Every structure is written in structure tokens, then in C-alpha cells.
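Next up, some structures in C-alpha cells.
The same subunit A turns up in both complexes below, where it pairs with subunit B and then with subunit C.
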Partner chain A sequence: MTEADSPTWRVPPRWVLLVAVLSIVAAEVGGGSMARFKVELTRWARDGMLARPGVHGLVGVRDVDERILDEALVKFDAGLRLFHMHAEGMGLVIIATAMVAATVIRHDAARRAIIALLTTGGAGYPLGYLLWSALIPSYGLERSKAIAEWLVWVPFGTATIVALWCLVGFVALRMIRPKS
Partner chain B sequence: MTRRNGRAEPARIFLRPPSVLAVLTALATITVTVTSPAAAHHVGSYVPRDNAVTTNFKQVKFSVQAKKYDVALQLFDAGALRAEMRAHAAALPPGLEDGTRAALTAGDGPEVERRLMIFFAALSRDLALEADRQIARPEATAEVRAATGRKFLEAIWRYYNLVDFAVATRDNKTSVAVRLAFDEAESYVKPAAGGAAPPDPAGIREPLQRIAQALSTLIDASSPSSTTPRRNS
Partner chain C sequence: MSAPVRRPPLAVVLVALVMLALGETAGAAMSRLKPEIQRYAAARVAANPAAHGFTGSAEYDDEVRDRAIFTAEAGLSFFHLHGEGVGLVLFFAAALVAAVVSERRTRAVLYVLLVLGGLFPVGYLLYGAAALELGRDAGVELAERWILAPLGISAIAGLAGLWLALARRPT
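For the complex of A and B:
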């Protein structure tokens, strides 16, 4: 068996690794910033919500409004945390799955397409959480969630899911027909 | 680096050859894991927390139950409960704050409970009156009325629920009346099928007024000047 034919792991393209590493770096920077600027971020979000009482359904009674503001601030913080968690995790998922795709898929166009989908989907999806958090003070919980869903979560999430299932299919095909 | 099929040969890592079955298992795991949150767009859940007043109430209440009156007095003096009593002094029976403090100093648990019950009943009553006022606004749409009603009911219940047991042991008719009115009020602002606005959210005004009336009667009957509790069987 020659070196070229031996079944070894293949490194995915450099741009894929770069995107994955940048995603992990962004996650770490985001996590660090959340802790370092927690008070400033909370104050910014709270001020933004108080400036738009109609958007958040504030009624001008502290005993009622504090519960609404508290929920929005908890979700704002949750969005930042979920960005940190997903960006970190998806960076690793990009590296792992792109490596499998580079190794298993022999058809050039299919391999490139799947790696591109895995990378863009994996790197883009976590940004939805960041967008959601950033929009909460201006658009409220539900509207900001809908915007993030249609702009980021649905397209990028779908790209990742489609690519992963295709990859599963290729690996299964490889099991059935090892020489394909 | 060799070329095959006209494309650059990708870099290789000479590790143990991958088992296709292991790779497939790992991929299936990743696929299922990634698919689940992507489909649900998991955005966390929110559990309402105590505010400063309800937290301080619980601290004082548990200290009194443990007969640690010195601790309860410290918590009352430094906490949000006393500050809130002062802020609402105009709407409360006269001497409520001083009387609560005196009862804590004297180690009189039932009297502390009675005065705190009056305080939270007054907070709940004021919220019910404010809710009625806001819902009565002619410019409010059905959706706004329903949303406002739901928010106020939540705030009313958060306070009233703390003292419902104390109310029931002293005046069970009022306790039942408030809870029935609360249930009725909720039915007027509950979203209709398909998430549509409820058909008659303005109907909540009547049960809100009943809540306010029942609590006003309770406060008057239980205020420091009144000594005879209304216990109904």
C-alpha cells in the first residue's frame, strides 16, 4: 500500500481551520468581555429598554416593570452566554467534521460544497445569539428572536444540518462501497 | 505534495486510520446534537426571581418562625421591607412600620405576621386599583389590555401569595373571595386558541375591583386600631 492510498486523516483547507479558530477566539473574547463588562452591558441594555417602554410593555409601575426588565436582562445575558458556548463548540465541530469530509469524500465538488456549508453554517450560527442579545433592548424579546431566527439561525443552522446529513450519507456510502 | 485528478493533494496527518464505523457514530452524535438546538433555537428559560421586598419578607418571616427576633429586627431595619413601608406610608394604616418594629422588639410573632399581612394586602390592593385604571383607558387595544392585565395579575399574586395563609387563618372569606376573583380575572386575559387576543379583556376590571374591595375591607378590619379579627367558619 502506497502512502497516497493509505487511509489517513486529511487536513481540511486552511481557510476552514482559520474560520474555526477565529470562531473559538471570538467565543473566548466574548466570554471574557461578558465577565469584564458585565455591569456596563447590563446598564446599556437596561437603559435601552427604559428608553422604549412601549416595545417592552412597561406599565410605569415598578412592581410590574421590574419583573419584565429582569426577564429581558436574563435573556440578554443568556444570549451572550449561548454565543460564547456555541461559538466555542461549533469551532471544534467545524474542525472535526471538515476533517472527516476532507478524508472521506473523494468527489471534489461534493467535498468542497460540504466543507463550505459546514464552515459557514458552523461559524455563522452562533452569531445569531449575539445578534439576538444586541437587538433585545431595541426590539423586545420576541421580535428580536424572530429577526435572529430568520437572518441567522434558520439559514446557517440549516446549512450545518444539511451538510452534516450529507456527510453521514457519504460515510455510510463509504462503508457500503469502500472503493467508491 | 503529489497531485491527483488535477487538484492539489491535501495535507495529511499520519495517525491511526479512521474506522468508518467510529466516524459514522461520531457524526450521528454531532448531527443529532446540533440538530436539536438548531430546530428549537434554544434561548434559555426564565424563572421569575424574588425582588428585594419579597426576599426581605422571607428573611424576616423565617427568622420570626425560628424565634430569632433580634435577627429579624436587624433584617427588617436594614432591608427593603421597611424602606417600602416608608415609601407607601400614605396608603398604609398609620403606625404600621413602627408597630411592626415594636412587635419585633417585643418578640410578638403573631403581631409581626398580622402587620406584614396588612402591608402586602395593601400592596396587592394598590396594584389591583392601578391595573383597573390602566385597563379602563379608552385608547388601549384588546391586546394591550390583556397584556397589561396579565402583568398586573402576576405582580398582585407575587405579593398576595406571600400572605394568603395569614389571611385565610384570620378571615377565610376574604381569602376565598380574593382567590376566586383572581381566577376569574385570569380567565379574561388568557390568550384565546391560536394565541389570539382574548375576546373580552376589559372584563377583568370587575374581578380586579372585587380584589381591591376585599383587600381594603381586610386592611380596615385588621389595621392596628381594630382589635377584633373577622374569623369566619
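For the complex of A and C:
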């Protein structure tokens, strides 16, 4: 029986699978930690914000300050949740897409480049949410978001999106020209 | 030693990848183009005043407009979330079908059901767009009845079929 009669998968390189599984493990640990250390994490973030009143626009009036602190704490929590969710999802995306790339792309350099982009982009992107949360107490909501955006979300997210659309192109090409 | 694992047809893989890529791209668009999306949504609502039941009372109309824009943004957000999730479900379910279902015709039926189910997230794009063009309730009703429900049922049928095939497989 030939490959055309019964096409089979090719497994991606081991480092790719290790990175993907590590991303999923980190997500699970993140989710567990959020539940287990909720009080400690909230206290840490709150103390950090109270230590930098100027950064957060705290004015010393309890009613006003509590509203500002609450909003920042909601975002802090959202960042952790989004890390948990995206790291789990992107771990699976890396496994699935790298497997397709390893199977479908015959050109060595192109295959290696696409797999590298999918893996680094997919594993790096969720870390932006962790960075965002970690920076909120020190830099405030907007500045921490801008830092995470330009350091992590834009470069790693772009890498993933570009690699995914390239992979779509390779799969479509392979359907049109099976010998390519 | 383990044997090579059969893969699904490239057409099925392509649909899963396109859903994942669209889901990722929608997520980026939501984040980078939020003001532009909100402006576009407001313009579409303003272009369809009758569909949204505008009364001429600024207070009431503003509330209706805000609700319609929120629904359109929710549609895009659901599309991002479901595009990623359903893309993965289609990929892994189809991979399982290829690996464990030996009868060719059964495999073909399951692929068709799963691919139709894999298109489910597109319903959320329609959900957002129809809420702007036809009014919030009519738009949501249209997307739910004609796209989301049938494609969702197809996904459930495909997954149930896969479960049955796995359960009936000789050990």
C-alpha cells in the first residue's frame, strides 16, 4: 500500500512536543495556583499597588481608591486566567499544527521555519498575559498592557498567525499538486 | 514497535487549519482594531434605523445602539474562542476517525459531519453581522436557528458517531 492510498502522520521534532507539553503543564499549574493562592496573589498585587499610589492614580480617598484598586485587581486576575486558558489552548495548537507541518511540507528549510515559528509563537504568546498581570502593580494598567503588547503579544502572536496562514497555503498547494 | 498512524484527508485538515487561523486572526483584530470595529458597528446600526427600532429618543436609541454593538463584539469574541476550540476538536476528532475507523464509508460520513461541525464558529461571525444589519434579536435568532444549531448538531452527531465507532471496535 502506498502513501497515497493510506496517508500517515509524521511526528514533529521532540523539542516541539516538549515545548507544547510544557506549555500545557504551565497552564495547569497556573490554573491550580490561581485557585490555591488566590488570597496571597490578590494581597501581593494590592500591596504592590498601594506602594505606588502615583502610578495608579490613588488619591487617598478611600471610596475613590477602592474603586481603582478593584478595577486593577480584576484585570490582574483576568491576566492570570487568560494565561491559563491560552497556554492550554496554544499547547494543543502547537502539537496539531506542527504535526501537519511535519507531514505536509516537503521542503526542509520551509518546514523547519514554519515549525519553529508555530512553536515559539504558540508557546511565547500566552506568557504575555502572565507578564501583564505581573507588571500591573508596578506600572499600572495601561503601561503594563503596552509593555506586554509590544514585548510579547505582537511579536509572538504575529509569528503564530503568519506561520498558520503559510501552513494553510502549503496544505492547499499539496492538495492541488500532490507531488509538490 | 508502533505502526504508522493513518491521517485524515488534507481537505479535512485544511478546514481545521483555516478555522484555527481565522480564530487567531480574529483575536488579533479584536485587540488591535477595537476602535475601528466599534466605529464600523455604530455606522452599520445607524444605516439600519428601522431594523433596530429607533424611536428618535436619544436616550433610548443610544441604549439600543450600545446593545447592538456589544452583541457584534460578542459575536467576534465567540468566533475567536470557538474558531480555536472547534478547529482543534475537528483536527483531533478527524485524526481519531482516520486512525481507528476501518470502514471507508463510515469514515467518509464522519468526516462530512465533523467538517460541517467544524464550520460552527462561522455562525458567530454571522451572529455579529446580522445583529447590526437586522437588529439585535432578529440577527441573533437568524444565526442561532439557521447556522449555529444545524452545524452544532452536525458536530455532535460526528462526535457521537466517533464514540460509537470506538465502542464497537474489536479490542
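Convention: the second predicted complex is superposed on the first by the 174 of 180 C-alpha atoms of A that agree within 3 Å, B and C clash if a C-alpha of one lies under 4 Å from a C-alpha of the other, contacts with A are read in each partner's own complex, and residues count from 1 in each chain.
The rule is short, and it goes like this: contacts are C-beta pairs under 8 Å (C-beta built on N, C-alpha and C of every residue); 3 or more make two chains touch, one makes a residue touch a chain.
Not measured: the values here are computed from a predicted model.
Undergrad: Specify the outcome, clash or fit, for subunit B and subunit C once both structures are aligned onto subunit A.
TA: clash
Undergrad: Contact-wise, after the overlay, does A:Thr97 reach subunit B, subunit C, both or neither (first, second, both, neither)?
TA: It touches subunit B and subunit C both.
Undergrad: Identify the partner contact of A:Asp108: answer first if only subunit B is touched, second if only subunit C is, both if each is, neither if none is.
TA: The answer is first: A:Asp108 touches subunit B but not subunit C.
Undergrad: Using the superposition on chain A described above, determine whether A:Glu40 touches subunit B (first), subunit C (second), both, or neither.
TA: In the superposed model, A:Glu40 contacts neither subunit B nor subunit C.
Undergrad: Could you let me know whether more residues of subunit A are touched by subunit B or by subunit C?
TA: B
Undergrad: If both complexes are laid over each other on chain A, which piece of subunit B (20-28, 56-64 or 218-226) hits subunit C?
TA: Stretch 20-28 of subunit B has C-alpha atoms clashing with subunit C.
Undergrad: Please write out, lowest number first, the residues of subunit A touched by both subunit B and subunit C across the two complexes.
TA: 6-9, 93, 96-97, 100, 103-104, 149, 153, 157-158, 160-161, 164-165, 167-168, 171-172, 174-175
Undergrad: Please give the residue numbers of subunit A that touch subunit B in the complex, ascending.
TA: 4, 6-13, 57, 59, 61, 63-64, 66-68, 70-71, 74-75, 78-79, 81-82, 86, 93, 96-97, 100, 102-104, 108, 125, 128-129, 132, 145, 148-149, 153, 157-158, 160-161, 164-165, 167-168, 171-172, 174-175
Undergrad: Please output the residues of subunit C touching subunit A within their complex, sorted ascending.
TA: It is residues 4-7, 9-11, 13-14, 16-18, 20-21, 24-25, 27-28, 31, 84-85, 88, 91-92, 95 of subunit C that touch subunit A.
Undergrad: Which of the residues in subunit B come into contact with subunit A in the complex?
TA: Those residues of subunit B that touch subunit A are 2, 4-5, 7, 9-15, 17-18, 20-21, 23-24, 26-28, 30-31, 34-35, 37-39, 41-44, 46, 48-49, 51, 123, 127, 130, 134, 147-148, 151-152, 154-155, 158-159.
Undergrad: Of all residues in subunit A, which touch subunit C in the complex?
TA: These residues of subunit A touch subunit C: 6-9, 89, 92-93, 96-97, 100, 103-104, 149, 153, 157-158, 160-161, 164-165, 167-168, 171-172, 174-175.
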